[in-house]
Each structure stands twice: as C-alpha cells, then as structure tokens.
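Same chain, two partners: chain A is paired with chain B first, then with chain C.
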Partner chain A sequence: MKKEKHLSRNEQFVKYVEAKTPKTKTFPTLIWAYLVGGIICMIGQGINDALMAIFPKMGQEEASTWMLIILIFIASLLTGLGLYDRIGVFAGGGSIVPITGFSNSITSPAMEFKKEGIIFGLCVKMFSVAGPVLVCGLVISFITGIIYLFI
Partner chain B sequence: MNNKIGDQTIIFKNEPKIISHYSVVGEKEGNGNFKNYYHYILKDDLFGEKSFEHAERKMLEFAISNSIKGANLKIADIDLLIGGDLLNQIISASFTARHFDRPFLGVYGACSTMAESLAIGATFVDGKYLKNVVCATGTHFSTAERQYRFPLELGNQRPPTSQWTVTGAGSSVLSLNGCGHKIKMATLGKVTDYGIKDVNNMGAAMAPAAMSTLISHFKDTKTTPDDYDLILTGDLGKLGSEILMDLMEHNGYKFGKNYNDCGQMIYNNNQKTFQGGSGCGCSAAVLNSFVLKKMDEGVFKRVLFAATGALLSTLSSQQGDTIPGICHAVVIEKDDKKEN
Partner chain C sequence: MDIFLTYLKVFAVGGLICMLGQLLIIKTKLTSSRILVLFVCIGAILEAVGLYEPIANFAKAGATVPITGFGRSLAKGAIQGVKEMGFLGAFAGGLTATAAGITCAVVSAFVMGLIFNSRTKKY
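On to the complex of A and B.
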C-alpha cells in the first residue's frame, strides 16, 4: 500500500516539473541551425568548385574527397583554437550534423584527455563522443550491404 | 540527547564561531554579481597549474591557508580539516589535505558538502573535542564538465535547464575562541528522491530534499521563514528555487523576499548560464564572501544556510536510476560584538 502512494507522489512531482520546465525554443534554434549548417555546406561547395577550377584535371570525386579533408582540417583547427564550441552554442545541429561536427567530436575529447596520457587518455577517449556514430554507421552499412547482395 | 531538538536538528549550546573565512573564484564568477565580495579572483582558470584538477586543488589549498592566516593561527593549531569536492573519490580535498599534514575528514554530499562540513565541524568544536576546525569545499567548472558531461571544446548546446558548475572554493575556520558569527543549529537532511531522472535538471531533483530539510527545521525549532533575514539554498538555480517555493507553499510555508539561492545569485543575467551556478564551490564561495560580509555589515542577522546536493553519479544515471537529493541546513547568527 505504502509503495503505491510513494509512486503516485513521484509521478505527480515529475508531471509538475515537466510542465514547469522551460523548453528549448524550437523556431529560433531551427533557423540558426539551418543558416549555419547551410553556410558550412556552401563553404564545402565553394572549396569543391575552387579545387576543380585550380586543378582542371581533377575529377568531381577526387575534388569532393579533398574538400572533405579540408573541411575536417578547418573544423579541427577551429576546435583547437577554442572557436568551434562557440559556434555550436547557437548553431546546435547546424554545426553538429555536417562533417565538421564529426571532426569536432573527435578533436575535442582528444584534446581534453591528452593529460591522462597518449594511450589511455587520448587514444582511448578520442572516440568517446563519435564512437556511437561510428558503430551505428558500420552496423547499418553492413546490413545494407547484405541486403544489397541479395537484390 | 539534550542537544537534539525535534527529529533532525541539533543545537550548539557553546556557539562555535566562524572566526575566519576565505573565498577564491574563477574569472567568470569574478565578473558575476558578487565580484566585490570575493577575497581573490583568478586571472586564469588554470591558476598556473598544468591541469584543471591541479588548479582545483590549488584553489582549495589557497582558500584553506588564507583562512587559517586570517584567523591568526598556524597550521599546527588546526585540529581537523573537513572538506570535500565533486571529483571521483574526492581527490581534490584529500590531495589538498596532504599538504597540510593535519588530521583530515573527507566528506561527500555533492553540492551540499559545505553545509555538511560546517555541521560536522561545529559539532566537534561545540562538544569541545577539538579547538580549531577548518571546513572547506571547492569545485572547478572544467573538471566537473569532463567528469559529468562533455569535453570542453565540443560544440554542443546546453539545455535551458542546465546549470554552470562554479569555479571556486571557500573555507571557514570554526572555533570557540575568537570572534565571528555563531553557528547556532544544524538540521541534518534525509536523502530524498521524488523520481526526477533528467541529469540536466538538478534543481528539480534537489528541490524536494531542500523542502524536506527546511520543513523539518521549521518544525524542530518551532520557527517560521519570517524568523530569518535570509534563507539561502545551495544551488537549486532559478527553476529549482521556483519549484521549492511552490513545494513550500503547498506545505503551508510562504517564502518572501528573504529567500534566495546561491546558484541563482552568483552569475548575472548576461553570463548565459541558464539556471545559474552549481557545484560545492558555489555555496562555499557565496557563503564565505557575500553572506558573511553582509552579516558583518549587519544586513543579515540570522541566516539559514541550506546547501543542497544531487547524489548521482554518471553510472547511476546511465543505468536509468532516479536522482536522490540531500540538503543540510545550518543556522548562522550575527555576532553582536563584531563591528566593522
């Protein structure tokens, strides 16, 4: 009997807190994410076009690869300079979803845990944020591959 | 048992005094609302050390030694150091105690540790088991962030219910000899869990613990909220404070302007900390700067200092457990003889 009463008190409180808690403002967050994410993609396209203009022999595929490498480098550098997290504060998903966010999520723990040593700090913790993304990506591409094999 | 009244409260009949206190805070806190009250503000959050963990220890050491100096005592005069922090195995407090070569009790009550230390220290002093006891706690934003949340440079967004761990440390020296504000009573809190699971909403998780301790305190001592010039909770933040006020009103206690919260007060509105500050450095720094100095000035005569803590770990929350909270309250009264 007592346990039931205990539960209902907690349920009531959780419900009350949920109603009282301020929510993330969806609209401005979306606008910022759209703008910053769009700008990052435009920069990527710009790098791609510039590469193809400077090196006329370069194909589309090779240019995209170089463009990705350059974007990853820039994001990593900005992380090191302590600027990328400032963009992230207002951009949210806009700076997390593109490949630059992936670069940030690997560089930032690598920097942070360097103090615990190269092997047990940097190497172990490097994928602490990006790890789940990698695992999911690998598993899904494996499943997709199997399906593709039979159709 | 004649020092215990009611269910959870003890009275200190010999009135231990806070004969000296010292606070040190980081740069961000130094730009906050109490910039004129702190004893020392860091120019660099590393405090000249090679890691933030070392900086946290150095802040604690700095606060402790300066509070001992302020009491005109030598380290050898200190009978006991009581302290804690937020890091795993409370390394900051115990590593700091290593330097002092004095008896040490490490305590953990999450962000309620300052009130917990004061309650334990006052008991030793009041019972005349020990003469001089130092109570100190501290936290650092960057060490707490990496232990509980994400790397500093990760470009993630903080939810609107989040709080900002205070970089700071505070230390108080308790003794029966000397002058200072008196610790009259302590109400020891019970672990209270109302089923909140959101680790980004600590204020809501801790508010029921604060309510439990405060109601017990008012019942045990037969006082009302109006009997205090200031009722100060630890680090519930803005949302947590509102929840506490609702909970108290629901139980028939109305808080007026004499209620406030360290977390809510410490930063100004432009500092983008959402709900305010948290961490055991928060209540320690606010108590040992703003509150005690305002008591010196006579603005507050009777303060109920109720630091609150969320007793979770990253492991418990990842396993889906709810967040238990605790709150310890200490009554501090102005020393009438102290005028400056």
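On to the complex of A and C.
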C-alpha cells in the first residue's frame, strides 16, 4: 500500500494500462494473420479472374480496379453488419493490411460517430484513420512525380 | 495446375505482407493507423525505385490487394502523369490512378454509416 503511494499518478496509470492490455501470443496470431491475409488476396484474385472471364474485353488494369472496388464495398458492408470486427479480433494484421482494412477503417468511425451529427460526426470522423494514410500517400506520390520530372 | 500455382503465389505473398504488418503490431505496438501509413509509404517508395513491378508480376492480387498496392498505384499514377502531362501530372497523377478506390470507399462508408448503427465492441 505504501509502495503504491511512492509511484506518481502517471506511473500508476502506465502500470494499470499494462495490466489491462490483452496479452497477444506472438506465434498463433502471426499464423492467423498470414491465413486471413492470404485468403483475402486469393478472393481478390478470384474476382479478378472471374471478371476477365465474364467480360473478355476487359484489360488487366481495368479488371484489377473493379476487383478493388468490389473488395472495398464488401468490406464496408461487412463492417456495417458488424462481421468485419469479428474477423479482426483473431486476424489482427491480416484484416488491417489488405485494402479491406482501409475500407473498414473509414466505415467504422463513420458509423460510430453518426450520433454526433451527419456533417460534424459522420463526415468529419470518417477520415480519422484514413486521413493520415491519404495525406502521406499523396505527399509521397507528389514527391515521386517531381523526382521523375527531373530525371 | 497452372492456375493452382498462381493462387498459391497470391496466397504466399499476400499472407506474407499481412504477417509483416502483424509482426510490427506485436513487436512495436504501432497502432493500425500508423501501420497503414507505413505500408502505403513503403509501397510508394518501392514502386518509385522500380522494385514493386516485379513483385506485382509475380504475385498479381497478392501484391495489389494489400495496402502497399494502394501506395504503389499512387506512385505509379504520378510517374505516368508526369510522362503524359509534365509538371501538372505530379499533382494530378496520384489521385487519378486511385480515384475509383477512394471514391468507392468514401461513398460506401457514407451509405453504411447512414444505414447501420455501431455495435458495442466485444473484445
């Protein structure tokens, strides 16, 4: 009891957070991430091949854009239905790193902050996770363009 | 047999990229937002250096579905834009290449946000 008092408030809080954070086991989660991520990529390839089989005129670029659109929409729908978060619990990086995770990161705060209003809740908070991704991506893309302009 | 091999490659490379993300989450306690930023930057830089193209040819969707593929198309669009339009392309290229994906994500998030209510998260 006395020892506890010597810790500052901050240290106590850090201790509390450490005690409450769920301990993730390294190896099983890595396997799950690999499995789920791999399967999502395989679904993407499946959609791509199906599109190219159904529409023979479609080029590779166009088919892969459609494939991404379909994956993004499915992920958004699954997030809305509350199923994507359940996959995320055991898949971790396997559900974050694919483009479906990007879609989930936009849809999830949009749903959560709807109660703060459409404009200031839904529309603003939609980009709380995806915003930094877009900003960094665009800056790097601009720099890349400038570099290629001069070489 | 050939198609089986293709899907095996897709699974192997796509899974590997996701596993790297998970490894970073466990080892460095980065939040998922930072993982996404990091992977987009890695993808864009690899494309700019010319290393992403061979990976994409080898693994197809295994390289385009992970978020690194998003960074890759941003950089690829900028490079293409510069070749076609010059200086203006550096501004326009990146978003032009990824416009479909971003618009789809924003529109579907808006619609889903209007339709569904958030559930209390059970962890």
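Heads up, the rule we're going with is that the second predicted complex is superposed on the first by the 127 of 151 C-alpha atoms of A that agree within 3 Å, B and C clash if a C-alpha of one lies under 4 Å from a C-alpha of the other, contacts with A are read in each partner's own complex, and residues count from 1 in each chain.
One rule holds in what follows: a contact is a pair of C-beta atoms (placed from the backbone, for glycine too) under 8 Å apart; a residue touches a chain by one contact, two chains touch by 3 or more.
Model, not experiment: these values are computed from the prediction.
Asker: Could you look at A:Y148 and tell me whether it touches chain B, chain C, both or neither (first, second, both, neither)?
Answerer: Second partner only, chain C.
Asker: For A:F13, using the defined touch cut-off, is the partner it touches chain B, chain C, both, or neither? Pick first, second, both or neither.
Answerer: In the superposition, A:F13 touches chain B alone.
Asker: Could you tell me if A:I87 is touching chain B, chain C, both of them or neither one (first, second, both, neither)?
Answerer: first
Asker: Contacts for A:V129 in the overlay, against chain B (first) and chain C (second): which applies, first, second, both or neither?
Answerer: both
Asker: Which chain makes contact with more of the residues of chain A, chain B or else chain C?
Answerer: The partner that reaches more residues of chain A in the superposed model: C.
Asker: After superposition on the shared chain, which partner residues are touched by A:A53: those of chain B (first), chain C (second), both, or neither?
Answerer: neither
Asker: Applying the document's definition of touch, where does A:T107 land relative to chain B and chain C: first, second, both, or neither?
Answerer: A:T107: touches chain B and chain C.
Asker: Who does A:I96 touch here: chain B (first), chain C (second), both, or neither?
Answerer: After superposing on A, A:I96 lies in contact with both chain B and chain C.
Asker: Report for A:T79: first if it touches chain B alone, second if chain C alone, otherwise both or neither.
Answerer: Touch status of A:T79: both partners.
Asker: Going by the contact definition given at the top, which residues of chain A touch chain B in one complex and chain C in the other?
Answerer: Comparing the two interfaces on chain A, one with chain B and one with chain C, the shared residues are 22, 24, 29, 79-80, 82, 85, 89, 92, 96, 101, 105, 107-108, 111-112, 129.
Asker: Looking at the complex, which residues from chain A come into contact with chain C?
Answerer: 22, 24, 26, 29-30, 33-42, 44-46, 48-49, 64-65, 67-69, 71-73, 76-77, 79-82, 85, 89, 92-94, 96-103, 105-108, 110-112, 114, 118, 122-123, 126, 129-130, 132-134, 136-138, 140-142, 144-149
Asker: Contact residues on chain A for chain B in the complex?
Answerer: 9-11, 13-14, 16-17, 20-24, 29, 79-80, 82, 84-89, 91-92, 95-96, 101, 104-105, 107-109, 111-113, 115, 129
Asker: Looking at the complex, which residues from chain B come into contact with chain A?
Answerer: 50-51, 146, 150-161, 193-196, 201, 204, 208, 239, 242-243, 246, 272, 322
Asker: Spell out the residues on chain C that touch chain A in their complex, using ranges where they run on.
Answerer: Touching chain A: residues 3, 6-7, 10-26, 32-33, 35-37, 39-41, 44-45, 47-48, 60-62, 64-71, 74-75, 77-79, 81-83, 86-87, 89-91, 93-95, 98, 100-102, 104-106, 108-110, 112-119, 121, 123 of chain C.
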